[in-house]
């Protein structure tokens, strides 16, 4: 985690406090003796790709720094059903206090990593890569983008400020592709790339004429995509988007595009089920 | 939203800042004239149940208080594909700055509300109600619990501190059902309810003997659930849990339980697709 | 302190910064040599019940983690005048920087615990217990509720969200006891208890008819309380409230109520005097 | 409130969120119709000095900006039992959501103002003034110091950084009164005053020799105080401290000291009882 | 300011609170009648480029929303000595409370804008542009980068995360230019540009061979820069860096580089002197 | 740093997060092997006075607590060109992540300390001392005031609340020097000093008549200053202000004033250049 711990710790801390509320874990305090100690493992209930382990283990560490924590897998590992990903031992109270929050991070990020991996595997023979969007969970963008990388995807913009993406509404308000691109070029710093969303091959032609770093080919069928890729001919990065599914992804990849953009992997991926097993 | 705006506003504000980063929406600033104004609607791309509209519209308001916002539907409404849920007009820049963050709240909360509604409809003939869990998105628990209510579900605990839920690990560490319940009773304030997770009918019998407000009947098949409900005979609230799906829910409801607990509606519900349509 | 340290630490940290201001402890920095070390004890100047020791010692730890701290008493202990409750040794500067803030927590929480204990002792022969209210110091509710438990009291709601308490204004606005209770029941989750404030025995009868978890018997004299308890006959928890004092508490307890509610123990308890004695 | 609103608003906001928790005012939301409106007054149940009205009314405003609020008294006013201090009208829900938090500020600050006033009145014939200490409630120092001024008291230091107060431990660690004062003088900026705590007339003589802005005459009896005042002879401000009570204050004031310091008015003043009366 | 107000407001608010402290503006409260009103202008005491006016006026607005504020110049305007840039009227107290904080933002940002402008003007005949660095004031980076744009400069990276800049230490640790660039290319998303710092023409040749978006030509003399620009021949953006001054900038610009990087404009620019003149 | 670490840590943490953004140091993560370790020194590129070393080293410690850090100089030391001020060894990634933020604190604070030292040295033969103003960088006041002390200066007020400074506008609004001073005296606590800005010797005479702790002699020439000092004759601290430069300072000091106030040392001091040298 290293430096990113500075960014992630406030998120994990806030999630723990969200769960502890004002009075804390009243069940555990009432029922579990203060001196009880246990040993536990975090185990996968499904196969998939591990993600968010650092955040999850940080939850235990923040609750009780005396817990002994052993990583058995690394983020990004393909795990089988039943695999133990970490071992934790120490005071039972702390372990139970942190359990749900830790798993909420772990299962969600593993879900994103797994969904990405499945999609990436589906197009494994092609040069295309899966790329994420800004359709992420409010407050968790950095973690979800990281999970996408763990699953073999690449990241698109992290926000509105680290690259330009000129969409249909921007084009309309600027008065056309050329005007939009020229204004963008004029304002962009030398380390800012510009991508433009095109809906037609005419728009694509115009944008190539002006010059652009990447084009977002939105809602085109495979045949049109193929022609677009041919038109671009290496002069820009090509990204296909628009309701890509596991079923349609290979046909899209076969068109020769560089990237296939998918919102689903961050906004609708189901969690990967992992749980805490306390040794009897 | 009323008083809850105090709780929700910091979450929406943080999400906007997460997207704006340090430099803000550099595309819109470069490409869209400062004086351009537009009119837009938020429209449903799928049928479902609306959720999170207040949070979404707050995103627009926080970015640009001069935007005129008109609600066309209320949170909790069943909406058809194509339905317009709000109309927004004013400066184009502000609208584009807020768009993605607003939709991220709206689509996610509508997704939770819709998933809950589908499950609730599936058991509509029975007295059982769908109840959520603490398997929520870190940072968004209050919003997701609210979305569950919009979809016809009822809320379980909001955190570790507002009721006692004695689980299998608590029972093991306390030395049995009786000991756990007695300790819980001794520490609980008079407005704190106690629920206990039981895996067997023997545990159920023991817990009823000691007295308990609710029992979580975990991973029981319908036949066992039916016998459990008969044993309880109204002396406690009965809640069934354990990998409930749309297919299995009716059979579980038919056993006569009061509540059917489902983590899926908050941790794995896909979003409901809504978008911003700017008038041409 | 365990998990609650996550909740308490920001409060203690903010209190220290409130005292340090922008320039810090300018007296100590000017006058006390950086290398000077001392040994000190925190001692009681009055007999009472100890509370807030963890928060107080956390203040020293946050200022200077190299201070050696030894607990001599535990929160909740009855202490005599002159009793040493902790021993601290190390750099003099850190000790003086933290002294006042630490004592402000310790004396206030010990004051709450002591006031509760005195009241609890006054009704020791009866089944009734002292219960606190939401009349707490802004920002310190969790700590004060904890201090109440240390003094032998039990906690009422921690906030507006963890149980329902239907008061006179709610009843009037809902259109009567029955309507209020029915609406409450309809909205309450299965782990949310409902208490209703009754001013008359008629209201009590109506609420028992509808069903309620607890009744707040407000401003009733002992004779009326006795009749109320008889009417309830175990069907609800009974809580007496209304300007209870040390003098009137025993007579109220003698009526057979389960709980005696007292705002005074949190909003007006004088501090318990403890001080830091630096060894000559 | 003016500029201080920037400082006070985060405190009031945090107190409201402390009370609302994650789920908000579930009683009011369930029981009170959304459209119900009411008119209410905040009324004194005891005579005293009003304090904290701005903070209290800010709580209502933050919860529901549409509430109409009319001030009927100003902070610092002497109020009689039954006096109405503010009138509020508008949506019932918002009013009930904010009620307890608003009153918690109002009653506590009025309590501090009243306690100060009582003590100030007791020494009204003398030149001495009541001065507060740093024995304040964590998080509320600015508000409590303000309440002291409302009650006719004057403020001592707001924290460790805005003046130097050399206490017994500082003197011991510096190696005596002269060394301590000289080091203080050397480090103090030209707008920083220096006060020194003296326990004996010898220490007083030494400190006057070196020069000091004020002397804290700790735990001296009236006769010694009188001699101290004579020794000082106008060369420094004289402040008496040490368990001053309403009974002993006049005798202390009669010694001619300039200030009488009292921790009790902030750390142990009982609240002044005020309540919200909703018109029937 | 629009959307960036969300980012800037917390910075201005914190600066006001830094100045108000716990007790607020005690001079103004003591000396200036609450009802006094004044009219004032913010006037330039030196010629330069205006920057930070929005932040400065926000300080007045946050302190007292009733102040009437009229902008007379826009950020980025070249102003003469004596020019009035804004007119403010209303309560004197609020104006005096905010004055220093407002001017601290205004003078500093105008200083950055002016320094940038002077440097940009010095190379006005050439295609080269002035570009800033990450050598900014902690906490004020977004504002300072904005001021650079106002002065005619362009922005380099806003932080470590929005582009890759491979420096000498990175190259050494990676094992050479080629290895560093290849690893960078492999990890970079499609909207992330890569710049590499080169100290010699050999390194430049190697980096062009591998391919790179921009090269930072560090500490090269004009003759070497000229050869570097010729070698690059349009295949990458060229940026000269290394202790550029007003005197040396034209010679550097004359070499044909695209950008001239300058830390001085953010880390060492003197303020532009502006003041608040209250009408007599 | 001791207790002030509580105040400084949030500032350093925020600066690191400002630089890391959402995605962190993407260059270093891509290019530098996770296991690489290095040894580095922080070295002065110019002679001057060291300031901000604690804050700078805290940046490294917060990023990677396993880095070994050795201080070679102390804040306030006069350092020569080439002097090593600290040695750091450990993981290369952490060192590169923190480098820029650490240096931004170090160079700026050393710049303030050096500028102050230069000015202080220029008046070394006189009793006058250099004093700072409130013209500081928003968010960094405590650090900059500390740097002023390191350079041999003394601190003026830290904010609006720790002393009274009656300026020309205050005097005008109060209706004259006498009225302003009397109101100030009436409101000031016994540990609050009062300074008054005078523009003429008449105002000075009037203020001495009423009594004042210090006078700010604004924009007077040396001859007038000399007469002012003579008039004051030790009855108040004398402070000269108004565009003092290195050239004019000695003549001002020669007039016999106690203090010479200078905004330049905090608002316009250039940084002192220090850098991180990683051992080859």
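The letters A, B, C, D, E and F name the chains in turn, as written, and every chain counts its residues from 1.
Basically, contacts are C-beta pairs under 8 Å (C-beta built on N, C-alpha and C of every residue); 3 or more make two chains touch, one makes a residue touch a chain.
Owing to the predicted nature of the structure, the values given are computational and were not obtained by experimental measurement.
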Touching both chain B and chain F (chains): A, C, D, E
Selected pair, greater C-beta contact count between E-F and B-C: E-F
Option in D-E, D-F or B-F whose residue-number contact pairs overlap B-D by over half: D-E
Maximum centroid distance from chain D, chain identifier (CA atoms): A
Chain centre separation in whole Å, for chain B relative to chain A (CA means): 22
Geometric centre distance via CA averages, chain E-chain C, whole Å: 52
Distance from chain E to chain A - Cα centre to Cα centre, in angstrom: 33
Centre-to-centre distance between chain C and chain A (centres being mean Cα positions), rounded to whole Å: 44
Shared-contact residues (touching 2 or more other chains) in chain E: 18, 20-25, 97, 141, 155, 158-159, 161-162, 165, 192
Contact graph of the chains (line, ring, star, complete, other): complete
Contact footprint of chain F on chain B as seen in their complex: 18, 21-22
Footprint of chain B on chain A - complex, ascending: 11-12, 14-15, 18-33, 36, 38, 92, 96-97, 100-101, 103-105, 107-108, 111, 134-141, 158-162, 164-167, 169-170, 172-174, 180, 183-184, 186-188, 192, 264, 267-271, 278, 280
Sites on chain B touched by chain E in the complex: 13, 16-17, 20-25, 62-64, 91, 93-94, 97-98
Parts of chain F lying in touch with chain C, wherever the complex brings them together: 2-4, 6-7, 141-142, 145, 155, 158-159, 162
Chain A - residues contacting chain E, complex: 131, 154-158, 161-163, 165, 189-193, 195, 213-214, 237, 239, 258-259
